[in-house]
Amino acid sequence: MASKKRDGMRGAVDLSVDIGGMRLKNPVMTASGTFGYGIEFADYMDLKGLGAVVVKGLSLKPRAGNPPPRIVETPCGMLNSIGLQNIGVEAFVRDKLPLLRGLRVSVIANIFGEDVDEYSEVARILDGVRGISGVEINISCPNVKKGGIAFGTDPSEARRVVSAVRKATTLPIITKLSPNVGDIGTMVRAVEDGGTDAISLINTITAMAIDIERKTSKLSQPTGGLSGPAIKPIAVRMVWEAYRTARVPVIGIGGIMTADDAIEFMIAGAAAIQVGTANFVNPRTAMDVVEGIERYMKRHGIRKVGELTGSLKV
Amino acid sequence: MASKKRDGMRGAVDLSVDIGGMRLKNPVMTASGTFGYGIEFADYMDLKGLGAVVVKGLSLKPRAGNPPPRIVETPCGMLNSIGLQNIGVEAFVRDKLPLLRGLRVSVIANIFGEDVDEYSEVARILDGVRGISGVEINISCPNVKKGGIAFGTDPSEARRVVSAVRKATTLPIITKLSPNVGDIGTMVRAVEDGGTDAISLINTITAMAIDIERKTSKLSQPTGGLSGPAIKPIAVRMVWEAYRTARVPVIGIGGIMTADDAIEFMIAGAAAIQVGTANFVNPRTAMDVVEGIERYMKRHGIRKVGELTGSLKV
Amino acid sequence: MARIVHNYPVAPGCYRMGLSPGVDRVEPGQFVMIRIPGGLDPLLRRPFSVYNVLRGRGGGIEIVYKVVGRGTGMMASLGVGDEVDVLGPLGRGFPMPGKKERVVMVAGGVGVASLHLLAKRIGYGTLLFGGRNRRDARLAGDFRDLMEVKIVTEDGSMGRKGFVTEFVEEEIGEEGTVVYACGPSAMLEKVSCIAMDRGVRCYVSLEGMMACGMGVCLGCAVKADGAYRMVCSDGPVFRCDEIDWQGMDG
Amino acid sequence: MARIVHNYPVAPGCYRMGLSPGVDRVEPGQFVMIRIPGGLDPLLRRPFSVYNVLRGRGGGIEIVYKVVGRGTGMMASLGVGDEVDVLGPLGRGFPMPGKKERVVMVAGGVGVASLHLLAKRIGYGTLLFGGRNRRDARLAGDFRDLMEVKIVTEDGSMGRKGFVTEFVEEEIGEEGTVVYACGPSAMLEKVSCIAMDRGVRCYVSLEGMMACGMGVCLGCAVKADGAYRMVCSDGPVFRCDEIDWQGMDG
């Protein structure tokens, strides 16, 4: 109650955050693979109102992805096995980035490789490219045979990838962690040792849905990655655990549908958040989350959004 | 189509299963902590129609459990932090078991200890007690400070607990695994080395829900255990992984609401299943699952329910 | 499955829903657990006191509920003929007053719902009803034929102005009175203190987060007499002196 | 949010739903993504072809849908005045026939839904409709004023007996015909084979599991011309010879 009376509340609240050297307008990003190359959403909102757009995972060469079916709905969630279909980093820089630059939004490139060299090669190509604010290293995709999750569940492999990317770029690096591990703290330390500037979590959780009439997976692959509100409580817990270990900022991801969900992650320790599956349900979600966080801050007399980060009382 | 014509379908289907030496009428059990001491459900069904009832986790001494709030609903699921409140193994044998014996249902005692000695002591007390068909070792409760999950995430500790219980009892042993690990296969091998006769999984997933107005956990504890349909795709995947490593039968648990869900687990590799949170939503669920499996078998010309186990085509 | 026979607003944000067929033998203070069929979210049933028992073809029950979240929001959007799933009656209700005992009921807002059947059974006494304003006071309407009704509103727009707890003391005599109370936890605590001070018997109907409603999930714990007891199966009605009010979650 | 202005059965398990206000400029063959507000389960929107465009106050659209699961089951239980969330129009529709081209439409069951707006725009040609029985054939009713309608039923209770694909060949001349088809994937494959054999242009409207409907989740992939293309944004209408029918999930 008392806090509502603070002077600051007469003026505007400050939503800006600094994530490992990236100065963002607000803590709301869109999660890789759920927002295309960003441009597709320009009809639904003014993209420059977002903290940043994280684009679909980019690899060195274009990737075709997995055969259909690639998605299946599950209780309060969905499985996907897209298999990192993408146009390749060069086509992205050539064909998509100029359009995004025109929309004046911070762009983070989510990158992926089948081996350490590919990761650093993709990072090198992006280094110094105008309109890229940072890279997010995906070491946690459960839907590809090589690379991806193999790096995300082995601390020393993870560190190796991160240090290679560190050498290849001067851009701020976010490392995106896999939830498919026993102890997230170990992974946090490993990627910090590798030189990451921030961590983001969680990527999808490896999961499975079976067609009982055909006795096959409902996807073309045996397993897929679970996302959506179903995983939110697990993601909040992992963000809280990561926050308590991490020296770098933590970006919370997993099942965020509303501003209240986003605030939950921030109280647990997230300095910023990403909206994923919710973009499919309502393409305006990310903007709604920005506005909702602002309203919450005014109501609670919070002047700087960073005050929320890790404010959980235990 | 062709299979529908099999001779067997004129007669009855065989739902019985053998789980590590326990001969059960059918593969449907109720999950520990979600079915009380069984007796509470006698108004809703004839308990002897179930494969087995797994009772609330028993410790050597009665336990008071955690303060409220102990549960919170989450998207398609719930968190609990009951903290293993129970009347203690002796009161159970004295006050509850005689009633259960009267209902002529197989009873499996879920047991829990703060250290290895307590586990084996509880197992010893139950050994030779009339009306107990087996013990299920809970090494995976996320809601107690000592014991529980500490054993469930460390393979050598897990093996130690299982071998101690193995020495203390001649009853069939099921070991209940935690999903909060990176690689379930390692845990499977550890508890098999310890001498378990079967494994069951998954217990709840450690998770968190935050009250954003108060900035506190919605539970009295920082974290709780996630259960319900939200976790089903994760549980099916873990059962599938465990099945591919395990030499002993696997019992599938996690978000089963219907017979179709149960069949999914069996196709993934479960020899039997347990119904948990669904008992709260509809107290008759477990019986409905038995009947639904039977109908499915008739429709598909499956004579013995065991034919379903691990029948996934990959 | 029960069919909705009516579902209409009775006070700001509050609805009265009739369901048929009814449930077996209801004691005043017992509750039912309701689930809206369809999706798996919300997953759990929601507990509601049985407000009334309907006679006639197939029988029925009524509940009075306040829209506070998703479950009750969905309930409010249902129409006549829609179906919901009803489990119950559950829990232990209110004991009847002794012969010659004076009866005082204290209700906060929609808390009247758990007292109405009791008021019908007893048929005399005083209801002290607390609400925000005169429109909330409509919740006490059905009690007027059954007992004396005294209204307290926070904005003074009807009856006396203030919180209902300020007027409890003057209402309960010394011994020979039995108090029945239902409402927010803070209100119940205050009423209990007063009753204990005065040495009068007092029963409170508690709420708690419930999953099963039948004593098996151990979710709805409340500290009473030094141990955890279950609101759903040991309650929801407790004697106020059993409850460890310190241990309550506010 | 759009308000339901009607929602009534039109054939076994099939309903016609009117929604107002409408959506902008719809091309025949485009679709909308619909979500029932309330719980988080089912989570994803469901895709439905725009069956018709309503004129008048605020405008509106109609869809014709078949109840096959939870989402459509919930839709069938909604009433006039209830609201749903509509996204669209989405996707690429059917190209119009060339001058002098003969038009043959082939529909399997509720597949008519994606062809109706096209039939209205074109206003001539032949519809070959396949259903299980005469009651299914009601789905073709609206086409009678627009074009010649030929019914095929599996049980022979109306029109010719058999599967619609058995009668496609005789319907399409050599060149100078354009075929538009919508229905189950196996039917579309057969129709495409015939059309390719005969060298006539043929457009099919495909289905696929969709999450976003706007080309960003990459979930609704279909193999076409050796690469994965998206049913929602590259389609749902494709030229039949683009599709790699082998790579389709049955």
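Here are some notes:
Each chain gets a letter, A, B, C and D, in the order it is written, and its residues are counted from 1.
Following the convention adopted for this analysis, contacts are C-beta pairs under 8 Å (C-beta built on N, C-alpha and C of every residue); 3 or more make two chains touch, one makes a residue touch a chain.
Treat the numbers as computed from the prediction; the structure is a model and nothing was measured.
Shared contact partners of subunit B and subunit D comprise A, C.
Ranked by separation of Cα centres from subunit A, the top chain is C. Taking each chain's centre as the mean of its C-alpha atoms, subunit A lies 36 Å from subunit D.
Separation between the centroids of subunit C and subunit D, computed from CA atoms only, is 52 Å. Per-chain CA centroids place subunit A at a distance of 46 Å from subunit C.
Among all residues of subunit A, those that touch two or more other chains are 75-77, 228-229. The set of subunit C residues that touch two or more partner chains comprises 40-42.
Contacts between chains leave no pair untouched here, as each chain touches all the others. On the side of subunit B, the complex with subunit C involves touching residues 33-36, 40-41, 56, 64-65, 67-73, 75-78, 80, 82, 85, 220, 228-229, 257, 277, 279-283.
Residue ranges of subunit B in contact with subunit D, taken from their complex: 75-76, 229. Contacts from subunit A toward subunit B in the complex involve residues 74-77, 79, 153, 180-183, 205-210, 212, 214-217, 222-223, 226, 228-234, 236-237, 240, 255, 260, 263-264, 267-268, 296, 311-314. Across the interface of their complex, subunit D is touched by residues 38-42, 70, 73-74, 77, 79, 82 of subunit C. In the complex of the two chains, the subunit C residues touching subunit A come out as 40-41.
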